[in-house]
Amino acid sequence: MFRKTLTLALLLGTAAAMAQEPAAPTPPPVPQTAAPGQASLPADDQAGGLIVDVEGGTSQPTPIAIPVMPTPAVVQTPAGATDTLGRQLSEIVANDLRNSGLFTPLSPGQLRAVSFPEVTAPAFDYWRGTSAQALVQGYIRANGDGTLTVGCYLYDVSAQRELVRQGFVVPPADWRRAGHKCADTVYSRLTGEKPYFDSRVVYVSETGPKGKRIKRLAIMDQDGANHRFLTNGQSIVLTPRFAPNQQSIVYMSYENDRPSIYVYDLGSGRPRRVVQNANLTFAPRFSPDGRWILFSMAVGGNTDIYRVSSQGGTPQRLTNSPGIDTGGSYSPDGSRIVFESDRSGGQQIYTMNADGSNQQRISFGGGRYATPVWSPRGDLIAFTKLSGNFRIGVMSPSGGGEKLLTNSWSDEGPSWSPNGRVITFYRSGRGAGGAAQLWMVDLTGVNERRIPTPLGGSDPAWGPLRP
Amino acid sequence: MTRLKTAILIGTAALTLAACAKKRPAVLPPAPTETPATTGQTGPGGPIGNGVVPGSDADFQRSVTSNTIHFGLDQYDIDPQARAILDSQAEWLQRNPNVRITIEGHCDERGTREYNLALGDRRANATKNYLAAKGVAPSRMTTISYGSERPIALGSDEAAYAQNRRAVTIVLN
Amino acid sequence: MDRREKIALGVAVAGHGVLFGLLSVGFLATPNPLKLSHPPIDISLVPDVALEQASPTPNQPPAPSVAPDQGAPEDAAAPEVEPVAEPEPAPPEPAPKPAPAPKPAPPKPEPVRAPAPKPAPAPKPVPKPRPQPKRPVPAAEPAKPQPKPKAEVKPAPAKAAAKPSPAKPAAAPARAKPEAKPAAAAAKPAATKGEGKSATATATKPRGSRLGDDFLKGLSDKPSPAKSTAAPAAKMGAQAAANIGSAIKRQVQPCANRQVSPGPGAERIRVAINLRLNRDGSLASRPRVVGHTGVDDENRRYVERVDDLAIATFVGCSPLRDLPPELYDVPNGWSNFTLRYNLLG
């Protein structure tokens, strides 16, 4: 009898144990939605059985402290004195993080002066008394060979521990890049996203009356610094895009009254014609491996999408519909292309294989869709939606999940940051004075902000992360 | 002194106005053999009337109903009104068979950049095809699309848009 | 004939009418169904429900509180006041003895036990983890002082099977573990204990008992319901667990509310971290991530960051204060627990 009881008890006990493991009680009113599926939320053997569920968060940006970066010795460099550079570096980091929309740097009045030895031994007690949840400390040092070393350290203030550290050695001319690299290190560690601050934007700088705009190619760091013009404005230029190796820009120009696509070599400053025929060619884009240039060509009044070797040669036709097919953009793995076509009566978005086969429409949301661009991380396609206003939106590569990010009279021409998290576009105003300006928005729709440029701007293209 | 100033002012005004003589009665162009045959040449006949060179763009503009036709929103078909205009253009071009033209296609600003380039090209080509059907040799015609880059009406209302959706025929000198 | 028929017909009609009327009135009088209101209530999930309090040692029927030795109040007196049951470290592991956590009835055996009839709530059935070496399990159901006295008692009788089946929830564990002594978890203030020690002695001391002869009445011979032998020895009672859970959650909630989402989809990730605390509520060791749910291809990049946020949620609001010490090192106590965190969607 006892044995039977024992056995029974054991069985019951085991059953109870197994039943209890998942520990997902019937859903209570409190939001405890345990995600279905993955069952890797144990109360593992080591832990006691007590489980406390907590849910909470805020959409406010993370408060972060970025004190001025000290220097072990003040040295004059071609870029300036190292102590001045240290202050400017901390400002670059603070601006990058603030402009991402995910961080709020503490104001200078809340920061303390950090000495060089304190960089690796932070005064956590002080920082814990501020609202900062993270702390970025660094230093700049002039090396004997003319280069600069910038150290960058990220700390978790409440846990009082270092999260990541990184050092950068740069020539004086690239000192700002060290600041962007430091901001990227911090940003990636604190968000899980890939970095994007050390990158450039190429765009069309605009000035003058609407009927006779002077347009010039221009390039700048994504924060607006190091701005320079690439063309002189004598011919209309449109839609510039980076080559993946960042050595050249492909664009369309009206020089010689022959609107055609060109490749501009950033090193030599010289343009080179890509397609040698009399047809109108426009809307060019490089393939992710840099071997091909996708473009649109109008023949006898009909526009289709072609590709040509980036070294030049005979174009290969990819689309062949009586409608206008234009605006092609490759997927990041180069296997597919998204483009716009009005073959169904109005502009819509289509995808196809890189060889032109399997063309399928993916936009069905009512209204018209144009200027599709594939995200560098492959998960989304950005576009301009035309339904009354022009608005920037994103959708999945199969066309679902459409989400509109902006809501202004005329937002157009999206381009992705290298990490696929931020979209830049241009916004035009109404009327004779309506000038275009460059803007950015986070892919969640928050943090819409204007990018300051010397003149007006349109057709922005965000380049890859600089190595 | 004031008299001199006044005279200078009047003289300058007269000069500037001299080129605007568009309201003069149409003068029949000279016979074909006398008109300038190729671009860049002023022709043996010399200026006629107030100085318009026969076979020039100025001559063209004052001879035809209009050098511009318009289109509906997102359209590139030639409507009856446009047909009448193009008919008069074709007629002039028949009379000036050695004249080359370029046809510009334009769009209003309510379209995206690349699509407008393509649409302008469609409009220019539609115009060219119509003229070709009217007997103008295609080799005399080139097309160029300006998308929405060169509006002539700068407002952001329907009236301005309607004016900007156009194809312009330009005689090359 | 006609007249009669008419009369009969009229009566029948009238009768039907009355009947219908009564029934209609009856329907109308039916009260409207109660509308259940749903006031928002703050519920803490308690994974340990009463059922699971079954003594971990199923094989032992709740030991009949055989002759609780203590009988005399003086025994119990000492430790009782402390809610902490500890002293008898016993509970843990050594427990080979399944100490049948009496859980259910607890009250029954000891009427004497003044201290605690620990009824239900938690007596935490002295979980008998028997095998649990790892759990220090205070066994002594910290919750209720009562255990103490029982502890003693139990041992004796329970000897059967493996350990005295301390019927008493609390006591049982303690007892069971005579071997458990090492459990000395001693750390635990052993509320119960003063007696504990003696308990381990397996209550051999029979003493006069205050219990009536019929004190066995309430006991059952059935094996303890469902308690896995592997389960930690003493389970905190559901109520106590709920209270602890709420207390901890209340203290860390402000820190949770400060965490910033790194990106879209991060709110689907739920991370579990294991926390070990000292008695003063401070961390005894670094929090350890033990698992995730809700991770998919779209939010995988945020996992490390959500881990950070979960840890920051706790660390930012530690040390925890005012947690009941008697629930510290009982099984499922707050010395070692799991915090599951997710961002707000």
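When the chains are written out, they are named A, B and C in that same order, and each has its own residue count from 1.
By definition in this document, a residue touches a chain if its C-beta (ideal position, glycine included) is under 8 Å from a C-beta of that chain, and two chains touch if they have at least 3 such contacts.
Quick caveat, the model's predicted, so the values are computed rather than measured.
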- Based on the touch definition given at the start, go ahead and assign the chain network to line, ring, star, complete or other. line
- Task: Tell me which of A-C and A-B has more C-beta pairs in contact.
- Result: A-C
- Task: Report the inter-chain centroid distance for subunit B and subunit C in whole angstrom, where each centroid is the mean of the CA atoms.
- Result: 92
- Message: Quick check: how many Å separate the C-alpha centres of subunit A and subunit C?
- Response: 51
- Message: Can you work out the whole-Å distance between the CA centroids of subunit A and subunit B?
- Response: 46
- Would you pull the subunit A residues touching subunit B in the complex into a rising list? 209-213, 236, 238-239, 257, 259, 278, 280, 282-283, 296, 298, 300-303, 324, 326-327, 340, 342, 346-347, 370-371, 384, 386, 390, 410, 412-413, 428, 430-432, 434, 458-459
- Message: Which residues of subunit B touch subunit A once you look at their complex with the stated criterion?
- Response: 74, 76, 109, 111-115, 117-119, 121-122, 124-126, 129, 142, 144-147, 149-152, 154-156
- Which of the residues in subunit A end up touching subunit C in this complex? 2, 5-10, 12-18, 20, 23, 25, 28-30, 32, 34-35, 37-62, 102, 133, 156, 158-159, 163, 190-194, 379, 421, 443-444
- Task: Under the touch definition given earlier, write down the residues of subunit C that touch subunit A in their complex.
- Result: 38, 40-43, 45-49, 51-52, 54, 56-61, 98, 134-135, 160-161, 222-232, 235-236, 241, 244-245, 248-249, 252-253, 255-264, 266-268, 270, 272, 274, 290-295, 298, 301-305, 308-309, 311-313, 315-316, 331-344
